[in-house]
Structures are given as structure tokens and as C-alpha cells.
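Below is a structure I'd like to ask you about.
Chains: A, B, C and D, in written order; residue numbering restarts at 1 for each.
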Amino acid sequence: MDLLARFLIRLFSTAITLFGVAVIVFTVVRVVPGNPIAMMLPPGATPADIVRLKALYGLDKSIPQQFVIWFWGVLHGDFGTSISLRQPVLGLVLGRLPATLELATMALVMAILIGGASALTAVRFRGTQIETGIDVANGAALSIPDFLWGLLLIIFFGVLIPLFSISGRISPDLQLNFETQFYLIESIVRLRFDVTANLLAHMFMPALALALPLAAIIGQLLKQSLKETMELDYVTLARTKGYSETRVILREALRNAILPTLTLTGVQFTFLIGGTVIVERLFSYEGLGNMAIDAVVNRDLPLIQGIVICFAVIFTAVNLVVDLTYAALNPRLRHA
Amino acid sequence: MLDGRGSINRRVGARLWLSGGWLLIVCLASAFAPMIAPQDPLAQDLMSGQLPPFWVHGTEPGFWLGTDSLGRDVLSRIIWGGRIALQVALIAGTLTALVGSTLGLVAGFYRGWADRIISRLVDIWMAFPPVLFSILLVAVLGTGLRSIIIAIVVIDWTRFARVIRAEAMNQGAMDYVAAAQVAGFSRQRTMLTEILPNVLPTIVALLSLEMGIAIIVEAILSFVNLSISTDAPTWGGMIAEGRTTIYQAWWVLVFPLIALFLTVLSFSQFGEGLKDRFDPVLR
Amino acid sequence: MSEQSLFRVEDLRLSLPDLVGKSFVGLAARIEILRGISFTIQRGKVLGIVGGSGSGKSTLARALVRLLEPTSGRIVFDGQDISHLDEQALRPLRRRFQMIFQDPMSSLNPRRRVKGIIAAPLRLHGLTGIDRRVDEALDHVGLPRGFRNRYPHELSGGQRQRVGIARAIALRPEFILADEIVSGLDVSSQAQVLRLLEGLVAELGLTLAFISHDLSVIRRLCDDVMVLRAGQIVEMAPSAEIFAAPRHSYTRGLLDAIPLPTLDQPGWN
Amino acid sequence: MTALLEIENLSVALKNGPRLLRSVSLRLDRGEVRGLVGESGAGKSMIGKAVLGILPRSAEVVEGRILLEGTDILTLPPAERRRRIGRIAALIPQDPLTALNPSHRIGPQITDRLVDILGWKREKAEARALELLAEVNISAPARVMRNYPHELSGGMRQRILIASAFAAEPALIIADEPTTALDVTVQKQILKIIAGMQARHGTALLFVTHDLGVVSKVCQSLSVLYAGKVLEDTQVADFFRAPGHAYSAALLAATPKYTDPEGSLMPVGPEVLAAVQAEVDAADREWRHV
């Protein structure tokens, strides 16, 4: 009951946020000084052609009118037609989204593994040189953003020790007719592990670049939270019962320490997804972000709007999931 | 907490001095760029394109860190690029801190409708992908230093607003705020003279961090060709060019990257170091 | 009549939002913390207010010095109804009733020196000779004048609590509310602070409300004792009377539960 | 007969720092209830922590022996020491609100030591837990076993912690200010429960407290500490008749006693503090000399 109420209220709040995003992005892109129509016109087009094209894309009406028309379409699943690619926006976005989702998920998994391992190691060996070392590494990883990590990785693993490919999502010579855009999942399902390996080799560096700052945050937060938990009386009590230090950390402290980390990890994960925009560009990875930058460069208003809304939906969904997970894991809320 | 206090202090000290030292070098180099830079950063010479740095065979004297494809001196461009980076860092960082901290302080201390409005705005802002948003804004505003600064402030004020709001809320629950009320201080005065000094160390640390972030945003915008102007020497622009010639002339990418890396790292470490060093409560 | 009673409280009720039950539902339920409290505090007297956790004693404290606004009922200070005055109107009165807080670590701004903490209210109320007044206040609470330049974290718990007292008395108020001010202190500092307060009440002619969860510490200090439970007054009587022969069984139970440092206390075997 | 617990010349110090315990010696026989009394910083909790092997990481034992049933636990390898302490001793912690793990149900928190460390069958351990919960006056123990800590009051939780401490029939229980966080009426109930359980099970109790009133009610003997040094080691009956040390006497006079408003709550005189501090300094000089 409580969970349901919580869910509904958060859903309502999310809807308001998304509407706000829609209004802002719509207004901002209308102020774009570059004229998208001019770019599309063939040489020697007449003023009548311009009027016709403007009418076609609805650009002849006032901004509020345009918004109402666009928003009405959005509610019916119609995000308009891309000006530069001349295809429905929804199809374009959904076509690129899987690549970005696979990348972001891979990065999240890496971040949790690296961050979790470093936090547990640091706490197990707290007060020693090992903890100091992990702290310094975390501090550095935290202050270097994904864009810089990407560049550093390109130099190290792309040029100095060329282990991985520095651009693209998959080697162009690999022929596999994918049914879906979820290449990684599909390659596994179809047992084409050579393709999986190729995809992973392409994904490794961009995913690591995205993962490192988040790993550092998870590492720091979880360590801090674990250390605080380890000082609590119930942990001390467990020690007096005869449990080993490792067992005390895993059995008594970890679960309670994860909760405060979880909320912040959610917010930081949305930052990670936001970071895919530039990291995809850096690695020429054919995802949503790469397309977004092209859309801005081409002044493709409907496509920009569609992509921003798509990101906003993902972000708010992540926050919603985190919020509900928090409630579900917290006995105080679960059994209130 | 009691043990290892000395070693922590030593570490804080080293961090502060190293990062502060690098930032000082960058500041001086930027201030005296016309005197220090060995070459004109814009001078092209296609005959001496892609010269390697000084220790590699085939170099020419005067081009210490080599040249790019158009024969422009990499070192000179890094020095001049530092000027732009620092301008962005100082102006955008300070403005962002002012706007974000003010809103955060008001929301966290006054609560009520001010908090509801500001928090809702933060929520909406958090639903935008920040990099895409900044690219979009600069595309809308047109390239140039002013646009970049505006874009950074518009996007990043939430970083301050969120943190300072939470801090102000924590501090607002302390009894010294009640004590100020019992003494008869107005709410506004309490916020400025009691709460603000207590959140100031956090603002300073965030400000330093934000300066590093501003430099990165500028670099990203240059990287996608949306920064100042195409031929102005910026670190991001150099990196973008270096990325395309990475197998032929690695130095075009590596040296500006090192400058960017050290500066961003220094800004964040400097802020943390300052906070640890000069906070009387922590000491 | 109003000459005699400094505070008159009539049917005071106060409800606060229920923070536990709330958190995500926009409209929070309110729980009534104070449920109809009436009493007077005579000028120059010391009133002890005692109750267990959840009795509403701290809420009552904060309502008296108008950190909280009553939901209904009246609080009359020296003949003036202050129940719903706004901050502006309260300001001149603030100087006359002061408060000492439970946790000195939280009630002293960590980024101000002792002299700043004591002097700020003096400046606000336009007093002159600030330095002299700060020194006097420190003298009164038995702290060396050299402590002026210290930060709160450089003091011990007992010393911090003395700074809190110094801040309150520096304004020369008529009334001071002390909210659980010795509960965080060791036995020896507790005894010192209580003796100090006793001396100040006599010397400065203060009226004092002393809030405590512990009946045993207030026997000496208080003229009258009020026992609170669940937001209502259980019993209010002169101190000697309440300790010798409590009328209410709840008070009786509280007294009997105090472990006295003796070997022959009835009811403990 | 060997003592259950014998602490000899125990010094604990901050790493590279001052001593927190200054050559403490004390003895606890089977079934004895000893109070450890002192103000904050006196090191009274530190003794219990040293015995239970839960000293904070910043502190370490620098000299002395802790003989538990005749064996010096400080010389045992860590894993064996943990198991030995877990079998012989148990802790009743100070704050019932933080001493139960919020994400586990009550039942497993009582039975875990029995099952995991002592190798009992789960059913047997649960039956034992039910018995103990009934013994600390918890009605509907079966339901409480399935509750989460936040669903119970502070007094309830403290009773559960007491039951949990007695679960493995330890020979020694260290109660670290077990009633400080409680209201006075609840404190009385809890003290009576602890005293009753102690008497029935014949457990030895090291009762850490700052409250001489509490000592007079539950202890047979007591040690008064100041700055990590034992000032006095005596029987409760003797102590309350005539304390054997000036500082102990001052502490007793500072303790509130509403039946004697003129003779209680007396501030500790500076000359008493100076004398006891001199005593501590002298001990330190001697210790460094050796």
C-alpha cells in the first residue's frame, strides 16, 4: 500500500518534470538562429518552396501553437519527422537507443564491480597503506571526467598498447544480419561469441571511460558508509560473538551500508548516461549521443527534441527505479 | 581518527602544494603568454607540418613540442589555449557558484515555497543530459567565450544548488540557528552570518572543482567544433585535431591532453586541499 | 497580579507535522504534542519541568521562548500576549527571555569564537561596552577571560555549556529557559553547572525554567516542580512537597525508579 | 581456584600516543558482579573492549595479560581468540537503538552465535531463544522473533539484547552502560531483569557505568577509575559506607541524591582533581622509567 502510494506520487512528479523538460527544450531549439529550412533547399529554390517547406514542418505557426501541435503528437507517439534524415524521429531514436543502453549498462556493471571491490578491500584493510592507495586512486578517478578518461584510454590502449579498437561499435567486416539493435544481447542469444567478443572489444574503452568516475564515487561512498556502519554497536556485538572480520563486513555491515550509496549511485548513473553523448562521439560509437550531436550541428529541431525527451525519460526512470528499490530494501519503509 | 593524523596532514599538504604549484604555473604562463610563447600560435607553415617534439629525430629548433598538421607550434598553442581555459574557469566557475549557492542557500534555509520551486527546477535540470544541453545552448547562442560561459552557468548551477541546499538544511537544524532566533536575529541575517560561514568551505571546494569542470566543458565544446572560433588556440580544439592524426603525430594530442589533465586534476585537488587545510572545525 | 507572574500559560496546545509518518505524502499528518497546558511562573522563582521522552517538555520549552508558535491557547509574558507575535514584534522582547540549549556542540556556531558568540546578541540589541559585558559574562560563569578567542571545539563539554550560559545571561534577561542543560555532562561537571546556575539565579535575580528528564538533579535548584506526561501536566507542586509526598502515582513511580547511591533503598531488591 | 577473569597490569595506548589504560589489574570470580565506575575518559569501557577483543583500531595493548579461564587470550592467534571469547563472554551494549541490525529479524540475531559459532541445530537454538525471551518478560516471544528492530520500543530491544547475551550461557557478561540511554522507569525494569538473570544463571558480570546509584543496586564489588588508572578496588558495602579514595568520595558527593539535597551534587574540588592527576602523572613517570 505504502509502496504503491509512493510509486504513484513519484510518477506524478516525474510527469511534471518531463513536461518541464519538453517546454524548455522546445523553447530553446526554437531560438536557434540557423535556419534549418535553408539547409534543405536545393539551389535555386523559390520563396514559395520555402513557405511550403515551413508549412510542412509547422514552422509557420507561433511557438505556443507549434508546441501544442507537437505535444499532442508526442502524446500519440508521434515525435515528428527528422529534417536532416527525413525519417520519423521515434524510429531513429529507438534505432540508436539500444546501442547507448548496452554501453551504459556495461559501464554501470563495470563501475559497480570496480567500486564495490575497492570499497570492500579498503574497509577490510582500513588504516593500512592499502586503504591510502585506494583513496588516492579514487580521488584521481573522481576528478577526471569521462571525456578525459576516454582520451587517456585511446592513447594507452589504442596507440601505445593497441589492444582495443578506438572507434565504432563493431568491425565493419563482420557480417551478421542483426534482427534487433541489441547487438550484444543478440550475439549471445545466437551463440555467435566471436561477434560478442568483437562488440566487447569495441565497447571496452568507452565503457571504462564512463565507468571510472562512477566507480570512484561508488568506491568512496560505499567505503565511507561501510566504515560508519562498522562503528555501530550491532557490528561490534557481532564481533564479540566470534565472527571473523570479513564475515562481519559482508553479513552485518554491507547490506545496511548499501542503502545510502544506492540513492547517490542513481543520480550518478544518470550523469553517466549523459556522458555517453561525448564519449560516443570520441569513440565514433553509433549510439544516441553521437546522433544527438549531429542533430544539433544540422539544426534538426524535431530530432533534437526527440533525443532530449528520450534522455529525460531514461533519467527519470532511473531515479524512479532507484527510489523504489530503496524503499523495497529498507525494512523501515517496507514494514512501516 | 586519532591515529595517522600526522600522515593525513602531510598528504593534505603535498596535495595542496602540488596542485597549487601547477595552477600557479598555468596562471603565469597565461598572463605572460605573448612574452613566453616561442612562436605565433596562429602562424601556419605547411612546409614544417607535423614536426615531432625536440628529443625526436627530425625536429626543428624553436618548436619544442613539435607542430600540428598546419605547422603551428604546439607549445605556443598550449600556452595561448591556457588563457582561454583559465578565463572560462574563473568567470564561469565564479558565476556558477554565485547563482547555484544563492539558490541552494535560500531553498535549504527558508524551505517552503522557495524550496519547492527551486527543487522542482533542479529536478527538471537533472533530467537533461548536461553535455548535450551545453552543446545545444552554444549552438543556440552562437560560438564565443560569452556563450560558453553562459552555457556553463545555465547548466551547472544545480551542482551548487543541490549540495548547498542539503548543507543549509543540515545547518538549519542545528541549535545555533535556534539560538540566533532566541537572540532576535532576523532570518535573513541568520542565513548570512550564521549559516553562510558554515557552508563556505563547501562552496570553496565546489568552486575549485567547478573551475576544472568548466575547462572540460570548454574542451568538449571545442572538440565538437563549437567553442570560440575555429582557428583560436584552445586545448579542446587541439585535442580534436590530435585525435584525427593520432597515428601520425601523437604529440598533437598528448601535450594539450597533459595540460588539460593536470589542470583539471589540480583544480579539484586544490579545492579539497583548501577545505581540509583551512577549516577550523576539521583541524 | 501580573506584577507577580512573569509567564502565564493558558490551555496551551501545539501540534507539529508527523515527520515519521510523512516523508513522501505531500500533506503530513499533525500530531498534538502539547495537549492543553496551563500554569504560571512567578517572578524570581525556579520552576522545574520534568518528564520522560515523548512528554513534550522540549516542545513546551521552545513554545515558551517562541521558537514555536502555539496552535491554540495563550502565552502571556509580563502581561503581554506573545502567542502569535511575529519576529519583528518579538525582537524587543527577545532580550528579556533567553534560552540555554541541551547540546552545546550544536548550539554554538562552530565557526565563531567565544567572544563572537556572546557579543553578537549584545550588538543586535544595541548595547554598549560590549567587551566589558563579554568579560563580565565569562567571569560570571567561571571561565577565564582568555577563552574569548577560542573556538567551541577547543573547549570541553562543561566549558561549552558555560559559554551557552554566558551568552544567555550577557543580555541580562529576566527569564532563562534551560533545556536539559546537564544531561550530556559528567557527574562532576553536572554538579558544577547546577551550582553555578543556582548562584546566578540568586545574584542576578533571574526567573528560571529548568527542563530535565531527571528528577534527582532538580531537588536543590527548583522552587516548584511540574511533571509532564504525554503533553499534559500530571502534577505541579512546590519542590519539597513533591519529593516528600507526591500526589500522583506517576510521579511516585518516577521517584522510586531513581537509583540512589545508597545501600538501603526500598523497592530495589 | 583460578579466577574467571584476571587482568594483570594491562596498558592500552593510542598508537604512538598516550596510555588510555594505565597498568590496570583486576580480578573477577565466577558469579561475581563488579562495577567499573568513572567519568568519561576514565577508560571504564576500554577494559571491557580489551577483554572482548574489540578495541578501536587506533588503540592497542602495550603490556599486560588478560586471563580468561586461565588462558591469556592476548597470546592466542586471532581466529582462536575470537572463538574463545565468543564462547565464554558476551556483551550487553549501551544503546539498544543501534545495537540490533536494522535489516535482520530479531530471531536470527539471537540465535546466530548458537548456530554459526557453537554449531547448534537451528530448531534447538530457536527454542532456546523463545525460552530466553520469555525469561526477560517479553510476551508473545514467537511474534517478536519475526519482528524487525524498528518495530519495537527501546526497552523491548534492550531486553532482547539481554536475552541474546545470555543465550550461549556465557561465564562472563560485560554490560557497557546498558541503561544510560533509557528513561528512568525503564532503567529500573532493565536493571531488575539483568540482576535476576545474573542470579539465576550464575553469570559473572562486569558492569560498566558512570552512575554510582546503579552500582549500589546491582554490584557486589567495584573498581573506580580515573584516566585509565584503577584508584580503588573494593566491596560495594564498604564503599558506600566509606569510600577509600578522596576522588571516589568526591564522585559520590557529586552524585545527585534527592533525599539529601544539601549533601549531594557537590562539585568536585580542584584540589581533589589536582591530587588525583598528580597520582596519574607519578604512575606514568614510573612506567616510562621501567
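Just so it is clear, a residue touches a chain if its C-beta (ideal position, glycine included) is under 8 Å from a C-beta of that chain, and two chains touch if they have at least 3 such contacts.
Values in this document were obtained by computation on a predicted structure and should not be read as measured data.
Each chain gets a centre from the mean of its Cα atoms; the one farthest from the centre of chain B is D.
Of all chain pairs, the one joined by the greatest number of contacting C-beta pairs is A-B. In whole angstrom, the spacing between the mean C-alpha positions of chain B and chain C is 49. Each chain gets a centre from the mean of its Cα atoms; for chain A and chain B, those two points are 23 Å apart. Centre-to-centre separation between chain A and chain D, using Cα means, comes to 52 Å.
Centre-to-centre, using mean CA coordinates, chain C is 33 Å away from chain D.
Touching of two or more other chains is recorded for residues 3 of chain B.
Multi-chain contact residues, meaning those touching two or more other chains, occur in chain D at positions 57. Residues of chain D that touch chain A in their complex: 52-54, 57, 79, 82-83, 85-87, 89-91, 93-95, 98-103, 109, 112-113, 116-117, 148, 150-151, 161.
Interface of chain B with chain A (complex): residues 3-4, 7, 11, 120, 123-124, 126-133, 135-137, 139-140, 142, 209, 212-213, 216, 219-220, 223-225, 239, 243, 246-247, 250, 253-254, 257, 260-261, 264-265, 267-269, 272. Interface of chain B with chain C (complex): residues 174-176, 178-187, 193-194, 197-198, 280-281. Of all residues in chain D, only 39-40, 183-185, 187-188, 191, 210-217, 236-237, 240-241, 250-252, 254-259, 261-262, 264-268 touch chain C in the complex they form. The touching residues of chain A, when paired with chain D in their complex, are 126-127, 232-234, 236-244, 252, 255-256, 329, 331-332, 335.
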